[in-house]
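Right after this note come the structures.
Two complexes come next, and they have one chain in common, subunit A, joined by subunit B in the first and subunit C in the second.
Our next item is the complex of A and B:
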């Protein structure tokens, strides 16, 4: 099975006067795993619901494959959905839950059981078919919800924060399984989350939404290494990228108090971004004071204060002993600098 | 059982005692006395009573009027609750779907709950008056089409309508609150599975509403015995020709109008057993109630 591409064309939605989705245009590749990522309230679930048909558009068009679907009811769009709290039918058995869509569609009994068993096998639910949802664990319920979605062999699979109710260990396991499942069934997958780890690990492409607009729509690699805006830079990474207001001139970037941070040909004000793990600590560069330290086993995270009062997060290799109030010397390597426009937040390409 | 909120066990006893005394004095004692009296022949103006064994039961059970009243009670018990719950369910489903005007309707439907049974009776007597009420125009076209004072069926319909009207507000509140506890995402999942609104009513909403349906059914059932009295007394006084004499009203008339105290006590016992059996049957239905969420 091969999924259809989803084309969003100036899709707009507002509740009252507030735009929730502001003229989004994008193409979600057929058979690809697209993650929609953003802070709460950015409109990501609304966008998913509009693709599913659970919410109407104010304007714009959605095409799935070659069909325009914005005016079709959900059942005619060929989409299936997995919900955050599983949304299983509590009064039906696992078999009844998985088979309900087939029953509604009028699929007759031997065929229905066969397809339910097949879907249950894919998500490894065999042997639980006559249980009720209340007798299942969180992970098992999640599998039922996924089986219910794939049993109709949809062209498009939609996930609305499906892993956020699971504990950390289960979540990691389900992430791997979802990734494998996607490769097996090949449907176009749209996955909404606010968890950047899910986005970075699962996605072929990540769409980062902020206030109803696309900040960046690219591969996880590009999003991490070439963030398109200071919002993306500050949203991705744990701890996130440091962002410092600087002014460029004479080949160097300086803080307001004149401290020289790095060499760069940019002229005029800018936002300087640098990832915590790219900052090197040594004997050349500029001074900072350690204000806080966290030992995380694999590395140590420190917060240091620069001479102008700005706080910078740094990830240091293990074995470096730093205590609060120590003075250290930072260097920002030139290759790892990101510059953003202070007014628009957009990435500046340095010549 | 959780212990330890109060230090001494007598504190519990003292706190529960008042209500236990009240229940004992005003429920168990009268019920016990009814059983006791049903075995005696009481003199209406006092002066001792005579043990007659089961003679009272033999007398009551061989009385055709008793059987008629029991039959009417059974019909009333089935028709009125079914309508009261069926109509409430439709209203609740509509209000839950958020159809236009549903929030206003929600308030208006609840108001009648604040009206006493006897007042409803008085109002309905007027509403159903053959010459002044809502059916008066029909009587002008077809004389004698509607007259609950003469026609027994019309009178029975009047009582049923009043009882149903009386029951709707409470059932509506219970059923609507039940519908609103069904998670939004379950409804959305059913939409994604392709179920039409009607299909969702049958496959999702009603099955998940069974606890509330069961509750309203049991309460409605008991209400047909308890509340119907006030309606009959104010609207028809059991007439015309006994067409609206349910067992509860017959007991009142036999006991307090005809001073057949033993007969009334005997019929009370039978009515209690009847209601007990009906409720027991309903609790057998409880197997099918889905409490899981």
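Our next item is the complex of A and C:
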């Protein structure tokens, strides 16, 4: 089985006056694993619901494969969905839950039982088919929800923050399984989350949403190494990229108080971005004071204050002994700088 | 510490016993009186705590000589109708109110509030006029549009529901208290449930039938019991709407027992026996369904 591509064409939705989804145009590749990532309330669920047919568009078009679907009811779109709180039918057994879509579609026994058993096998739920959802653990309920979604062999699988109710360990396990499941069944997968780790590990491509607009839609690698805007830069990475307002002139970037931060040909004001792990500490560069230190085992995270009062996060190799109030010297290596337009937040390509 | 809880225990028990005695006293008196014959009752000159031996005689009299057994059947039918109409309408209305977004929802919900605040007793005359001729609205339309003339139907159609089961039951059922109960319950269900059903291909009706109805079984049963008993004890409206003993429910018939002749001491022992006889079914229902009623009014999905 292979999934269909999803084409969004100026998809727009508003609740009342403010647009929640603002003319989004994008193509989600057939059979690919696309993650929609963004802060809470940015419209991720709304976009997913519009693809599913659970929410109407104000304007725009959605095509799944070659079919325009924006006016079709959910059942005719070939999509299946896994919800954040699972939304299992409490009064039905696991078998009843998984098989309900088939029952509605008029699939008769024993064909129905066969397909339910097959879906249950894929998510390793055998033996629990007679239980009620209330008798299952969170992880097991999650599996039932997934089995219910895949039993109809959908062309498109939609997930709305499916892992956010699981504890950290279970989440990691489910992440690996979801990745495997995607490879096995090959349906186009759209996965909504606000967790960047989920996004970076699962996605073929990540769509970063902010206030109903796409900030960047690219591979996890590109999103990390070439963030398209200061929003993406500040959203991805833990700790996130440092963003400092600077002014370029004469081949150097300076803070407002005149401190030289790095060499760069950019002229005029800009936002300078640098990842905490790319800042080197040594004897050349400019001075900063350590204000806070955290030993994290693999590395030490410090927060340092520059002469102009700006705080900078730095990840240093373990074994470097720094204490609060120490003065250190930073260097921002030229090839690891990102520059953004201070007005629009968009990435500035430096020659 | 132990001393204190024990004294609290004792106090609580005393309060409970007093409360129970207070509630049971009328029942005990009713039962004692029901065991007397009319002569004994008159000789005693009023209510006493004497135990008589005439209970079975009284019961036999009620069973064979009065309309109460037949009226008991009327009560069963009317109360079942009341409860069924109430539950069915409230369930479907709440379904629409909770699961469909509409600008008018607030207004409709407000209107349902009004029906709760307008007791039937207050609008008994208007209700009577409507039940006496339910073709009235049709007549208005016929007269207003002139269709009556054209079709030859006129505008004076008559269809009375007085003295019928539906005529007695329907106005009693016209109160939307259940909407509040069901609404709270529906809102306690997982929010994405209707979306999940939509993804599974179930339309609104299927969702209501396959998912909402089985989930709501407990509150439905509890409210059904409630309204059944509520219908059972209705007095004023059935008295107005059912003029013949054949159509009257047992509670109305019971009151008729009391007023046979003027200037005579009423047949109080017979009346008490009748009261026990009439309340037997609701009491039995509560006893059997007690647990379900309590569980159903807890208002959340198990």
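Methods note: the second predicted complex is superposed on the first by the 351 of 351 C-alpha atoms of A that agree within 3 Å, B and C clash if a C-alpha of one lies under 4 Å from a C-alpha of the other, contacts with A are read in each partner's own complex, and residues count from 1 in each chain.
In this section, a residue touches a chain if its C-beta (ideal position, glycine included) is under 8 Å from a C-beta of that chain, and two chains touch if they have at least 3 such contacts.
What you see is a predicted model, and the numbers here were worked out from it, not measured in a lab.
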Superposed partners subunit B and subunit C on subunit A - clash or fit: clash
Touched partner set for A:74, first subunit B, second subunit C, both or neither: both
Which superposed partner A:83 touches (first subunit B, second subunit C, both, neither): both
Which of subunit B and subunit C A:15 touches, first, second, both or neither: neither
Partner chain in contact with A:54 - subunit B first, subunit C second, else both or neither: both
Shared subunit A surface residues [contacts with subunit B and with subunit C]: 52-54, 74-75, 79-81, 83-85, 87-91, 100-101, 104-105, 134, 148
In the complex, subunit B residues that touch subunit A: 183, 185-186, 188-195, 199, 203-204, 207-208, 290, 292-293
Footprint of subunit B on subunit A - complex, ascending: 52-54, 74-75, 79-81, 83-85, 87-91, 100-101, 104-105, 132-134, 148
Subunit A residues within the subunit C interface of the complex: 49, 52-54, 73-75, 79-81, 83-91, 100-101, 104-105, 134, 148-149
Interface residues, subunit C side, partner subunit A - complex: 190-193, 195-202, 206, 210-211, 214-215, 301-302
